[in-house]
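Structures follow.
The following pair of complexes shares a single chain, subunit A, combined with subunit B in the former and subunit C in the latter.
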Partner chain A sequence: MKYSSRIIEDAVNALSQLPSVGKKSALRLVLHLVKEGNQVEDIVNSLNNLKDNLKNCKECFNLSDHDICAICANVNRNKKTICVVESIRDVMAIEDTAHYDGLYHVLGGVISPLEGIDADQLRIEELINRIKTNGVEEIIMGISPTIEGDTTIFYLSKRLKETPIKISMLSRGVAFGGDLEYTDELTLGRSILARVPYSHSLAE
Partner chain B sequence: MKYSSRIIEDAVNALSQLPSVGKKSALRLVLHLVKEGNQVEDIVNSLNNLKDNLKNCKECFNLSDHDICAICANVNRNKKTICVVESIRDVMAIEDTAHYDGLYHVLGGVISPLEGIDADQLRIEELINRIKTNGVEEIIMGISPTIEGDTTIFYLSKRLKETPIKISMLSRGVAFGGDLEYTDELTLGRSILARVPYSHSLAE
Partner chain C sequence: MILEQIKLYQFKNYEELSLKFNSGFNLIVGLNGMGKTNLLDAIYYLSFCRSNYQHQDSNVVSFSKDSFRISGDYLTSEDRKSSVAAVVTARKSKKISVNKKEYGRLSDHIGMIPLVMITPDDIQSLKEGSEERRKLIDTCISQFSKPYLSALVKYNRILKQRNAYLKSMYDKRNIDHTLLDSLDEQLLGPARLIHEERGKFLDLFNPIFEEIYQYLAKGHEQMNCKIRSHLDEGNFKDILRNARDKDIDLQRTSVGIHKDDLKIYMNDRLMKTFASQGQIKSGILSIKLAQYKLLSNIHKEMPLLLLDDIFDKLDRTRVEYLLDYMLNNNFGQTFITDTHQLRVEEILQKKEQSYSKFVVVDGSVTLA
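Up next, the complex of A and B:
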């Protein structure tokens, strides 16, 4: 693609560094911004803010505007339970359910030998320290049910074995509203093996 | 979606103003930029540059870093032919073919009563003035073969009727490399009516 302008070319190159933005989409975005000049200011300010003012919560490593995030700072939340998650996106997903009132701990990933991520690179020591110094009673493993996720859960459970803390994990099985016919074999098979006694509360 | 941080929320809102970027994609971009902080600077600088330094070429209204764009300033280009196009994207598309060495004139759209765009809002007077003052011999209508495009071509040809300038338009018909079976009926039908004598140069 030939650009008539070096400025446009630079902007296209900068934007096409973003995930799933190719040169063509970047050009579309750039030409949109050329038209809508006032949006540029909005975006520039918010990105500068992102770079300069965003912090990791010192407690749970969630992204935050302050040293301590809104969840950790909330006195109404149950400080005895910590849900360990991979990323801030998982915090958002769980918060959206409105079914959890405890705290979080953002690991920053999962153990993945294939991608060269081992336990040292995750915030596991920080979790251990947090548990030691506060009155935490339960750790929920809010980690994806993948091979890497399960490896991480296994590693964490081993590390926490000596502590008297209760360790729990998300229930696994067929998805609510899902169609049995289209559920993958592994999930369906395991949900039979891990069947639970019928209870009215499940259907609520 | 609950955001743990106002800064993230602002950035998501700013980015989701972009075309075909929803809140979810914007969040993905924002979290990517949180990780890759150095890309933020790149993007911010290039967008600021876009807003502050990008100009319209005074001759052809192509976007340009200077008052006169690289194409108009190029002494090797044929100044006797002007290709009239809708937008800078069409300039790029034609430049990419490497089959045109004349100049351009960017109208800034096509006449579209449905979208409330009439001839006054396009750079048609500027085109007429350009033709009067320079030794232009041919105008190529490099405009999309749509109803609005054809309306614009018709209007322009009427406006240019009194001048001795040759007016030509892009050839229309089945696309090179396209499958006849999948060519739309209108195009295929017209390509039969507008058939041309066989020539070896067509197959080149």
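Up next, the complex of A and C:
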């Protein structure tokens, strides 16, 4: 695409570096900002703030404005349970359910030697320290049911074998509101093998 | 399953092609290098979501083009129409759809259009490494057992992770044995399932294999296949554990079902070491035809049979025996390529079979 202005071109190139923004979307955004100039300053300020002031929580590695995030700092949350997740997005997803009142631990990924990610690149030692020092009683493995996710779960449970902690994992099966006939065979087969008593499921 | 029609666009040497097939025999004749095998490969692609010859889709696209499309209209045993399309585009994305509904995972399609293909390479497979012979059984079992295919996919993925870790440890001093333990443990389930299924498969397979061999060779040889596996030697967990130091040195996993070997015996002697060329040809042909027969017994759809250029390697009597066997055993739709214009045709005429004959000249096909 040919641009009439070098300044526009630079702005388009800068914005199109962002994920899921192509050249055309970037141009649309740039032309919008040209028209609504006063938004530019707000955006620049908030982005600078993001770069300079956002922190990782020292406890759970969630994103936070302070050294300790709002979840870890909340006195009403159950500090004896930690849900281990891959990324910050998973924290948000579980928080949105409003069914969990414990704490989190963000690993920063899953073990995948193919992508050069070994256990020591994840925040596993930090998790083990937290468990040993904070009187944690239960760990919930909130990790995606992929092969690499399973490796990570196996690994963590082996590392925690010596501690008396209770380890649980998210149940896997048919999606709520999903049609059985469209559920893939693997999931459906697993749901049949790992079926739960009636009173535990529908009653809640 | 009957393939009624196929359409190709920019697939190998076919710029554009549309062909209607016979529900019985389809003879595809032409000189070498004209595109006979490519046509069979397109049919193969619609069943397995990949070429039988090229590992990379970029090699399947017509020269200097960047995308291709194959579509086929099938008729199922229940007389339903089913249309399968494979589209590969420039950005290396591959889409397989059935009746315009796209699959989330390509592996979900495997087994939907059962197919057995016999190529001259198969005849070589007895002399080659064990991988080719594992492929012989894997492609067959995967078409009727979903758990087998998903265990295989899973096993290979974990194996890749394990090997990647073993490789990366070369310059590291402290090996994370807990990580290796975790990967080992993950291998156990899929390995057990694959091992059991391969064993069960051979139990069903061996009697059919022997029957077909005896028919083709007009003899009384005892034939059977066995799988030699590390898993026969005990608990796989211990086997992996015992091999760990060796694996660390080798930087790869030296034990497991990925090392299984299919051994083919004739009268209790290993064919590879003593059988004649003719016996080996009949042996491999019998293995493939036995797979076809087994698959047609288990699968509710009749598989397609593709015979690629195998008659050059066989004498005329054996070609006749082979076709006799197929005719006597209700084989389904068959596609045969041959460089010889008349060889197969004469036999089919003698046996009063209906067939269609296609002549391939440089990427264009005419019904003869």
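Methods note: the second predicted complex is superposed on the first by the 200 of 204 C-alpha atoms of A that agree within 3 Å, B and C clash if a C-alpha of one lies under 4 Å from a C-alpha of the other, contacts with A are read in each partner's own complex, and residues count from 1 in each chain.
We take it that a contact is a pair of C-beta atoms (placed from the backbone, for glycine too) under 8 Å apart; a residue touches a chain by one contact, two chains touch by 3 or more.
Remember, predicted model here, so these are calculated numbers, not experimental data.
K.L.:
Which chain, subunit B or subunit C, ends up touching more residues of subunit A in the combined arrangement?
P.N.:
In the superposed model, B touches more residues of subunit A.
K.L.:
Going by the contact rule set out at the top, does A:Met1 touch subunit B (first), subunit C (second), both, or neither?
P.N.:
After superposition on chain A, A:Met1 lies in contact with subunit B alone.
K.L.:
Touch check for A:Phe154: first (subunit B), second (subunit C), both, or neither?
P.N.:
Touch partner of A:Phe154: subunit C, not subunit B.
K.L.:
So, A:Asp179: does it touch subunit B (first), subunit C (second), both, or neither?
P.N.:
After superposing on A, A:Asp179 lies clear of both subunit B and subunit C.
K.L.:
Mind working out whether A:Glu162 is in touch with subunit B, subunit C, both or neither, as first, second, both or neither?
P.N.:
The answer is neither, since A:Glu162 touches no partner chain.
K.L.:
Okay, in this complex, where on subunit C does subunit A touch?
P.N.:
104-105, 108, 146-147, 150, 154, 157-158, 160-162, 164-165, 168, 176, 178-179, 181-183, 185-186
K.L.:
Flag every residue of subunit A that touches subunit C in the complex, lowest number first.
P.N.:
So the residues of subunit A in touch with subunit C come to 111-114, 116, 118-120, 147-148, 150-151, 154-155, 158-159, 184-186, 189.
K.L.:
Could you please specify the touching residues of subunit B with respect to subunit A in the complex?
P.N.:
1-8, 10-11, 13-15, 17-21, 25, 27-34, 36-37, 39-51, 53-54, 62-65, 69-71, 87-89, 91-92, 95-96
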